[in-house]
Each structure stands twice: as C-alpha cells, then as structure tokens.
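Here the structure is laid out as structure tokens; the discussion comes afterwards.
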Amino acid sequence: MTAEVFLFWFLAIVTVVSALGVLFMPNPIYSAFSLIMTMIGVSALFALLGAYFLAGVQVIVYAGAVLVLFVMVMMLFDLKSEIKAFTKGTLGGVFKIGSVAVLAGLILSAIMVTTQGVAIKFQGQADFGMQPTRLLGNKLFTQYVIIFEILGALLLVVAVGAVALSRSKGGTHARRID
Amino acid sequence: MGGCVPLYAVIFITIFVTLFGALLLFAASKVGKVYKDKVKDETYECGIAVQDKVDTKISIKFYLTAILFIIFDIEIIFMYPWAATYKEFIASGNGLYSLGAMGIFMGVFIFGLWWEIKSKALEWE
Amino acid sequence: MLAESISEIGLGHFLVLSMILFITGMLGVLLRKNILTVLMSIELMLNAINLSFVAYARSLNQLDGQIIVFFIMTIAAAEAGVGLALVVAVFKRFKEVNIRFFEHLKG
Amino acid sequence: MGSDIFEVTVNALKLVTIFLVMVSLVPSLVWLERRGAAFIQDRLGPNRVGPLGLTQLAADAVKFIFKEEFVPAKAIKFMFYGAPVFALLPASLALCALPLGPIINIIPFEAFGQTWGPYIFSIQGYEASLGILFVLAASSLAVYPILMAGWGSGNKYSLFGALRGSSQIISYELAMGLAILGVILIFGTFNLNEMVTAQNGPLSFSAFDYSMTLSFLPNWGIFYQPIGAFLFLAAAFAESNRLPFDLPEGESELVAGFHTEYGGLKMNLFFIGEYGHMIVASALMVIFYFGGYLIPGVSPEQVTQFLSGFIDSQNMTAVLSGLIHLGAFSIKVFIFLWIFIHVRWSLPRFRYDQLMELGWKTMLPWALGNLILTAVIMAAIH
Amino acid sequence: MTNEYFIAIMLLSPLVGFLINGIFGRGRWGGYTSGAIATFFALTSFASAAYLVFGLTELADGPRIISATFFDWITVDELKIPARFVVDPISAIMVLVVTGVGTLIHLFSIGYMHEDRGVTKYFSYLNFFLFNMLVLVTGDSLPIMFVGWEGVGLASYLLIGFWFNDEEKATAGMKAFITNRIGDAAFIIGMFILFFHFGTLEFEKINSLVPVGPTLSWLSPLTLGTLLLFIGATGKSAQIPLYVWLPDAMAGPTPVSALIHAATMVTAGVYMIVRLSFLFAAAPYTLMVIAIIGALTVVLAATIGLAQWDIKKVLAYSTVSQLGYMFLACGVGAFGAALFHLMTHAFFKALMFLGSGSVIHGMHHEQDMRRMGGLKKYLPITYFTFLAGWLAIIGMPPFAGFFSKDEILWQSFSSSNGHWIFWAIGVLGATLTSFYMTRLMALTFWGQERFDKKHHHPHESPYSMLIPLIALAVLSIVGGWLGIPHVISEVLPAHPANVLEHWLEGSLVHPIAATAVDGGHADHAALEWGLMGLSVGLALLSAVTAYVFYIVKPEIPKLLVQKLGQAYELVFNKYYVDEIYQRYILNPLVKASEDLWLYVDVRIIDKLTYVLTDMSIGTGKMSKAMQTGNIQTYALYIVMGVAIILTIFFGV
C-alpha cells in the first residue's frame, strides 16, 4: 500500500463521514462545521490529484469565505438544535430516498461502465511544482479569457444584488403558516 | 511519492497539534479543583443581572461584510494565477495582452468597490 | 479484484467517492428542513462535482477540468451569497427558516 | 514522508520542534511584552521572580495549568472546548510551511552499522510547492476558532466580539491578499523558497535593457514593494488582532471579546494562537520583503565555504550553515516581533467604524493601486 | 480578401452610423454633430464603393465581378441562401449613385434639417436607408434583395412620416407603406413561383437555368413570375396602378424626397428588372406589359403634372413620369438605356428636389408656386443649378437628360420589341414634361414676385446646401456624356466612345429577338437624326409655349382653364384615381373585413379558441396538483427526471 493509496482512503473516510455529518447533524451549525471538514478533505484530495492551486483555492474560498458567511448567518439567526431535522412526510421521504437510490445506482453503473471497474489508472506522475499552476494561469488568460471576464462581471452583479437584498425590508404578502 | 510529503506532514501536524491541545486541556481539567456554584455558572456580564437571551439585534452589517468579502476574495484569487504568469507573458512579449485582460477585470473590480463605497454599503454608523 | 481495488487507486475511486458525496448532498437537499442546511447541501453537491472534474483532469492530463472547477467555485460562491441574502431577507421579516415556509411566498 | 526511518524521524521531529518552539516562544514573548510595556511606560515590569523576572514564565505556566476548570452553564461544550484547541492550528500549520533556513544536503554517512543517505533536508516543516497559497489557506481558517468561541460561550459579549473579530479578519484578508499579489508579481512564483533565493545577492535593477547594481544594498523585496510591505504589515496587525486593531476585545465595550468566558489554560491556548499569528506574520514579512534567512551581503555558499575552512565534516558544515541562517532568520523575526510589541504600546485603539473604513476604503484601494502600479511598471520597463 | 473587407465597410458603415446616432445621439447631440457623423459614414461608404468600382475597372474584360460571401443566411433543405454581396458593372453604377448622391444629400440635410428637434433620429434613419439600399443593390439573390427592398420601404415609411405629429403626414407614410405592401406581396409570390420553377434564388444560378428561347405563353411560370415581380416593381417605383403613394410621400423632408423618392429607392424596381434582365428577356409578354404600363405612366403622370401648384408635387409627378420612361425602356428590351436614364435621372431629379428644398428653405417652408416667382434674384446659385436640372430634364443637348431620353426613344422606335406608338407616346411625354417643367421654372424663378414681401425674405441657403447643388448640377451636365449615341459621336471631333454601353457589355442581355436589328445601325443614322431632332424640337416648342403662357401672357392659362373646364378638373384632381381606389377597392375591402370579423372571426374562430382555452385550463387544473410550491418536491422531480433520462440513455 503506497502512501498515495493510504492517503486516499484516509481522506475518503474523512470526507464521507463529515458529509454524512452535514446530512444528519440536527444543529445546522454543526452541519456547517461538518461541511468545513468535508471541504478541507476535498481540498486534500485535490492536492493528492496534483491540483495544488485548486486545493488552496478550495480552502480559501469555501472554508475561508463561503462557510464563514454561513456560520455568521446562523449565529445571526440564533438557531437552536432542531427537534426534527428532516421535513415531514414519511411517504414523500420514502419516495425521495427511493429516487435517489435509483439515481445512485445509475451513476454507479455509469462509472463502472466508463472506467471498466477500476481499470483506468492515472498516467504518469502528477507534477507537484509551480508548473501546473502557471499552465493553468496561461490557459485561463488565453483560452478562457472571455469566461474569466464574464465571471468578473457576474461577481459585480452579485455584489450589487446582495447589497440591494440586504436593504430590502422584506415586503411580501406571505402569511406566516405553521 | 515526493509530492505527498506535505500532505502527510500536514495531516501529522494537524493531529499532533489537536492532540496536544486536547491533552493539555484534559490534564488541566484533572489537575485543578472545581467548585460548582450557581452564580458562577451564570453568563459573565460584568456583574449586572444577566439578560436572558443571547439573541440580540446583531447588525446586518456583519453579514454584508462577509458577503462582500466572498466576492472580493474570489476576485483576488482570480488574480493569483495572473500574477504568477505575468512574468512569463512579459517575457513572451504578451505582457500588454495579459495586462489588458486583467485590466478589464480589475476595472470591474474597482467599479464594484467604488459602487459599494458610493452606495454606503461599507458604512458603519 | 477487491484487494486490487483497495490497494490501487484509479479514476473510478475518485468518481465513486464523488458520487457518494453527491448523493449525500442530494439527500440533504431533498430531506433537510432547514433552508440553510439545504443551501449547504447544494455546496456539497457542487464540491462532489468539482472532485470528479479534477479527477478527470488528472486522468486525461488536461488542465481544462481544473479551470472549470475554478469557475464552478466562483459560481458556487456567488450562488451562496445571493441565496443567503435571500434567506436573510426572508428571515428578517418572518423569522423562519423552514423550507416548507417558502411555499407560502407564492403570489 | 521519507524513504527510511531516519528521514521520517527527522522530518517528524522537525515538525514537532517547530510547533513546540512556537508554543514555548509565547511565554518569553509575554515576558518581553510586559517588560517592554513597562520600559515604554517608565515602569519596571515583572522583575521579582528569578533574574530579570525570567522565571515568571514558569510560574505563569504552572498557574495556568492549576487554575480551576470552569465552564459556564450556557456554554455549548464541544464548541467551548474545541475553540482553544483549534486556535492553535492555523498558526502552526502556516509556520510549518515557512522556510526558516537553506536546504541541508547530507551526504551518505555510516551509523548503526549501515549506510544512511544521501538526504536533503530543508529547515522547514514541509515544503508546500505553492507556499503562499498554503499559508493563506491556513490563516483563512483562523476565523473559526473565534466564531466557535463566541458562539460556544453562550454569552452575548462573546458573540459580539467573535463577529467583530471575524469581520475584521476577513476584511483585512483582502488587503493582505492584494499586498501579497505585488510580491508574487515581482517574483513570479508562489513558492516561498524560490522567493527567498531570488532575494540573494546585491540589489540590481534592470530596465530598458539597462541594469544597475547597488552593491551596498541586499536584493530585498522591500526595495521593489515599499508600499506593499507597509500595507502587509498593517494588515498583519489586524489579522493577528493586535493593537491598534484589537477591537474584538475592546474591554470598554465588550468585556474581553470572544474569550470573555475563558480562563486558565484555555485562555492561554488562545494566546498561543494569537502570538503564533504574530510570529507567522513577522516571518512572512521577513520572507517577502527582507530576504528571509539570507544574511545581507553573504550568500549561503559563501557561508558554507567559510565554515569548511575549519570544519572537516561536510555534513557538519551543512548543518552548521543551516543553523547560522536560522539564527539570521530568527533575528529578523524578533525585530518584527519587537515592532509588534512596540506598536501595541504606542498607538491608541481604533473605533470599529474607523477600523472597517480603514480596511475597505483606504487599504484596499491603496493595495489595488500598488498592484496596478507594479504591473504597469513591469510591463513598461521590459 | 481586401475586397471583402471593402464590401463589408461599404455595407456596414451606414449601419454603424445608424446605430451610433440612433443609440447615443438621442436628445444629446445637435444637428451638426449627428449630421457630421452620418455624413462621415456615408462618405466612408462612398469611398469604399469608389475603391471597389475602381478595382472593377482594373479587372480584365469578361464577367467582371467582385463578390463577398459572409455567411450562410438561410439553409433549409433545398433553399440555400448565402449572404453574398456582389459589385458588378450593373450594381457598380447603382452603388456609386446611391452612395454618391446619398452623401451629397446627407450634406445637404445638415443645412436643411439642423434646427429640427428630431434631427438625430432623422440622420439615423437616413443612414439606415443607405444601408438597406446597398443591401438591395449588392445582394446576390432575390431574398437578400428583398431584405433591402423591405428595409428601404421601412426607411421610406419612417421618413415620410418623420413629422408624425402632423396627422396628414403620418397618413402619407402609412399610405406609402401599405401601397408598397401590395407590390411586395406580389414580389414574394413571384419569388415563390421562380423558386418552384428553378429551385434556387441566386441570380447566377437562375441565369444558368433560364431557357434559351423566349417563353411564349401567358401561363408559363417564367411569365407569371416576372409579371408578379413587375407588380412588385410598380409598387416600389410608383407605376400604374400603384403610383398613388409617391405624390403623397412628398410630405417627408425635402432631402428625403430627393434621395428616396426621386434618386434611389423608387428606381429599385427598374434596377430589379435590369438586374434580372436575363429573366425578363426570356418573357416577351411580360416585357410587352412593362412597356405598355411604362408608356401609359409617362403620359398620365405628365398630364397630372401640368396642373399642380405644389412645387414638390410637380416634381413628384415628374418622377413618376420619368420612371415610366425607364420602364418603357425595359419593356422594349433596352435595359442599358433604362439604367442610363436611371443614373442621369438620379442626378438631375435629385438636383431639382434639392433645389426645390433650397427654395422652400429660402421661402420659410412655402411650397405653393402661386406664392413664389422672381426668385432668381434672391437665390442666384440655386437658380443656376436648377436651370441645369431643367435643361437636363426637358432633354436639351448636351445636358444629361437628352442623351438618356433620346436613347430610350430611339430604342423604343427601333428595337424589335418596340413600336412607333411607343415612340410617339414617349415624345408626347417629353413635350408635356418640357411644358410643366418650364411652367415650374416660370412660376418659381421668373416673372413677378407674388409673395408677401413683408413676411417673406427669401435668402440664399448656406454652403452645406449649395455644395451638393453645384456638384449635382455638374453631374447633370456631364453625366450624359457617358453614353453618347453612335450617330452623334461620329460627328464629334474625338469620336468619344459610348462608355456606358462598353461598360455594361456582357452584363446585360439583349432581348432575344432584338439582336438581329441592332446590327445595321448605319442605315438608320438618318432616321435617328430625324427623330432626335423632332423630339428636341417639340420639347423646345413646348417650353417656349409654356414661357409665353406663364410669363408673357399670364392670362392665357386662366382662359384655357375656363375653356377646358371639365378636362382641367379631371387633370387637376389627378383623374380621381385616389377617389376611385377609395370607393371601389378600399371601401369594399373594409366592408368585407367587417363581415369577416362579425361572421367568421366571432362565430367560428373565437369559438374554437374558447374550446382550446377551456381545454388548457382543464389541463392546468390537473397539473396544478403537481406544483405544490414545495421546493424539495421540485428537487425530487429533477432527480426523477435525471434518473429517467439516464435510464433511457442506458437502455438505448
């Protein structure tokens, strides 16, 4: 068992367990912390796949920014642990789980068909230096430059929209129904 | 497996530090004496009678700051690969192209910042 | 077969792991009551997809997959930002985060 | 983690040593801070226990451990206990990724009846190839202990402190990221080792096919990025919640910020984290702008050559050279730590709105301007 | 490759101007700014057109052509229409005329329109027109030509109704648009018939498929298709029976009348026939119809022109009449002559319209000739340029109109498709033209000053208006020298060749029967001289008569009017054509529409739609149950949908 294999299994277990934590933790704040754990695990998996830059970005963006926002909002809401974490409706729940199971089976068989079990191995050694990041930057600024600029504009729109939303008084006519 | 050294090392130091802290705390809890007391258990509010709810009005500003942080953070992250490749672009004679591509992006960034400042979204009263 | 699939890691492993994370996220979206948890589950699903993109990028020795992941992260962050802004706007007025509550926002 | 038992052990020991040094530096820094504060305020400071009051450190440590373990009734246990433990992590992870000295080449040697080596050791916890990114990622996690503590204490002052603290940290992270971008532009790499190596030798500019060398100055980043260096320093102050940016613990408004409910060892762990941040910030400052472990005017090869003049063993020479550079690095870091301490006792505290305004409306635009200026000049002089 | 760029520049620069003025200019820029922008883009277009035509002359003889295919516009089964634009000898003339005259008129408009409130809009429309006209002219297939055709129609509508606050003017715009629509419908049907027959709509491919001999049947697709196309042309080019819109179109700004309703757009019909000469030449029956309609239009419009008092109306009827000449020329198979007259007419008619614009400008928007007179003193430059236009239109040698009109007359006499009756009608038309044009000159520039001197202070126009006038006057004088007939050139010292004929050689088809006659022109020299002399003489005589009528003895016309009585009324009221249309076509149509609405629409179609809506409401009620508003249920639908798609995907 090489180091890579050991790391993969270790990280796989960490991510899956913490992902299940997101699903089952009754308190949303614990869910959030669980999700942070998953994010960090996925980031480590990125590093394992040689995507060092993405690994860093994953932590900085997701763990360091997006989930901070989530946690802050939850603290803002002052949410207590929920007695019932899941929505009502047994029949609906069964339906949902059933559909998801069918979908899972389909995806799994798709993976098995396309990769012929585990026959596809990674070719060569991942480059762990600065070079892939440079290539990535090069590609980002030549081939994908239009998308890059559009994303810049999108972020601007989001910034403006978020400010506008945060100022809204919430003036709809919805009634409160329990 | 040269590339995996940092991952191993990072995991090692993470576990080590966590264990170190946890053990230290555990040791401290065993060593010291504990005197339980109802008043002592109360939330510390400088001796004034405790206001019961933690849920007070928290300014929406914190949340807004966080959301703006996300957006600007991503924009800055986008600049990292650019900064790393900028020298190469210059060396290959495409420095102005790279500068222009980032210039447009940065223009949007600056416009966003300017707008946020102008619209007083960053104002803390 | 089993021993081999444990001791050697290939593209399939990452894809299956990605699928498990994706399915977990999907269950979270479908089943959780708290809208914030639902949003987090969406982030989880996006992460799962990112993982498979990176695995494919490694497998095909192409960087395009990584760039797409970069873009997805941006979109995900934007989505989280706007989604939370909406949730906050609703919460400020109704003090409610139950996803079923959002049914009544129609009309 | 290495190919054989020796390498694994050395690497593991390196990590543990760096962490323990960081932890044990804290009491000395506390002592330094108290003595320094006293010096600035024309007092004496702790001077009773031991020579110069140095044994005060040991006394404090013992006191911390033996303090009563106290948990408020409203606290959420996991969060409350988890926060101080996790507070240690970001700083130590970041510190381990910093290059503290040059690479030590060990040629094969005999011990315990077998041949070991050759090895290449770096005086560094681990060499992350995208060092800056790793450090940024690690320090971006520093928000969570604060939020955990604030939330876990079940105290509204703690919560306020935590929110303030995290808002402040994330706000200044932007300016910091932009300041670092200037450095990356100059060096064209994320790798900290390469950055340090690039600062070797005398200062030389080359512009318009004309180059100029100033042999009396080292080739340090500060000469390329003066504005960036200043912005980085200021952001680093805010990131480590130090005065003049220690708003989260503004005692006049918020009792003691997010660690209001903490005492004893738990409090101490937060302190270690905070001082760890200070150390990391100083070290980064040194690496980016002040030549890292390099000794001004002397290259690592010259040091090795000098040493090999009176030491036979090549391995010993390498190790010694590494240690000398580590020493140089430490001196530089200590200078910055002293600046941290000095500033704390010299400047008043900002008001919160001033703090946010400074971060968003002053430092961010300045950092952007610095970045654009750097990029334009680089394009222009080519 | 560069040619492609130049074609693109030529086509797109007016569009760019349109967009710039249309998007940015509104309410922000004054007349001078937007006018300068529009003129600049028109000039750019003209420059590239000139470059292209110059390039065309450099090419070796044979099928000279510069083309550019930009993309595939329509690809549906058999129907393949590439966006292909060509500059060949035929379109070269049009391109030069359109952009050249267009530029001059843009320039003129700056002076004429700069005080108007909607001047930016005006210039953007003008540029828009230019773009569409160029598409029409250079397009290499019927659909692309049709795009331009409709585009110029739209531009014309917008510009006629430019002062839409005035209901009469807005109505005039609508009238033009709707009348054109009738023609366009015929055009489209003709296009369909041709597509059915040939399976393609590209000019070159049709050309290669046209049968060799003339198609002597009324019901053959060729005859029907060309007839329908001709009906389209009568709409656009204001021929009987669809000419009624053009006089009303004078409601638009005068430069627009000059550009669109005299020089370029109205000649589109003629151009279309010339462009498709290979097709029309193969359909002699159609040619006959065209010739008859053209000849009738010449006389009809000229007679109406005799009795009009509005200076622009006179010019409008004159335009209709001149267009009739062009159709007459087409009808007798003299396509080259038609194109020649088109060009010269563009010069002198644009000149006269601009001149009238200058007069109107000078007279502070007075258009009634009864309140003018003696203006040559006040507007000397306008007067002299107008004089050149007048001489050109009445066919005085050596002015442009003489050569082209003479060419048409001679062809209508001598060509195998021609007949002496056509010639006679043509000469009658020329005589009438000479009369009413002289009348116009007399009433406007000569004689007494009949306007109120207290209120009117006629003044000469600014240079931006005079420069186009002068340029066009020069063109009206020399423009005809491009096509000097052989009989004349043999007499002239240097024997100048018939440049135009040489230029168009190979691009135009002669009617199949006509080729035999063309050979021995030497025998006809005496005849040609005689006919020429006769027509010029008659024109001169009629001009003198008109001078006598309106200057020397102004009481004669009044006497004549009293004597003629009924006939004058008929002519003055334009033969009551508008009223007849109103009574026998429009009113029945309105009645029929009302009946259709009451009986068919309400009783049948509405009922049907109600049944449909009831059905969809029912379906909606059923599917409402699915739309609970529960987000998670929606998510479930997505999951199920993905699962089903994947299953199908695997199953196949």
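Going in written order, the chains are labelled A, B, C, D and E, and every chain counts its residues from 1.
Basically, a contact is a pair of C-beta atoms (placed from the backbone, for glycine too) under 8 Å apart; a residue touches a chain by one contact, two chains touch by 3 or more.
Just so you know, these numbers come straight off a predicted model, no measurement behind them.
Visitor: Can you list every chain in contact with both chain B and chain D?
Guide: Chains that touch both chain B and chain D, as defined above, are A.
Visitor: Count the touching C-beta pairs: is A-C or A-D ahead?
Guide: Higher C-beta contact count between the two pairs: A-C.
Visitor: Going by C-alpha centroids, which chain is farthest from chain C? Tell me that one.
Guide: Following the centroid criterion, the farthest chain would be E.
Visitor: Let me spell it out: compute each chain's centre from its C-alpha atoms, then which one is farthest from chain A's centre?
Guide: E
Visitor: Taking the mean of the CA coordinates per chain, how far is chain A from chain D in Å?
Guide: 30
Visitor: Averaging only over C-alpha atoms, locate the centres of chain D and chain E and give their separation in whole Å.
Guide: Those two chain centres are 82 Å apart.
Visitor: Please compute the C-alpha centroid of chain C, do the same for chain E, then give the distance between them in whole Å.
Guide: The computed centroid separation for chain C versus chain E comes out at 64 Å.
Visitor: Specify, in ascending order, the residues of chain E that touch 2 or more different other chains.
Guide: Touching at least two other chains: 632, 636, 639.
Visitor: In chain C, which residues are in touch with two or more of the other chains?
Guide: In chain C, residues 26, 30-31, 73-74, 77-78, 80-81, 84-85, 88, 92, 99-100, 104-105 touch at least two other chains, as defined above.
Visitor: Where in chain B do residues touch two or more of the other chains?
Guide: 3-4, 6, 8, 10, 54, 58, 60, 62-63, 66-67, 69-74, 77-78, 80, 84-85, 88, 102, 109, 116
Visitor: Let me make sure I understand the interfaces: which chain pairs count as touching?
Guide: A-B, A-C, A-D, A-E, B-C, B-D, C-E
Visitor: Which part of chain A faces chain D closely enough to touch in the complex?
Guide: Chain A reaches chain D through residues 3, 29, 33, 36, 43, 52-53, 55-57, 59-60, 63-65, 68, 71-72, 75, 128-130, 133.
Visitor: In the complex formed with chain C, which residues of chain B make contact?
Guide: 60, 63, 67, 70-71, 74, 78
Visitor: Please name which positions on chain A make contact with chain C in the complex.
Guide: Against chain C, the touching part of chain A is residues 1, 4-5, 8-9, 12, 15-16, 19-20, 22-23, 28, 31-32, 35, 38-39, 42, 45-46, 49-51, 53-54, 57-58, 61-62, 65-66, 69-70, 73-74, 76-77, 79, 82, 84-88, 93, 96-97, 100, 103-104, 107-108, 111-112, 115, 117-124, 126, 132, 135-136, 139-140, 144, 147, 151, 154-155, 158, 161-162, 165-166, 168-177.
Visitor: Spell out the residues on chain C that touch chain A in their complex, using ranges where they run on.
Guide: Within the complex, chain C contacts chain A at residues 1, 4-17, 19-28, 30-34, 36-37, 39-41, 43-44, 47, 50-51, 54-55, 57-59, 61, 63-64, 66-67, 69-71, 73-78, 80-82, 84-94, 96-97, 99-101, 104-105, 107.
Visitor: In their complex, what parts of chain C are in touch with chain E?
Guide: For this pair, the touching residues of chain C are 26, 29-31, 38, 99-100, 102-106.
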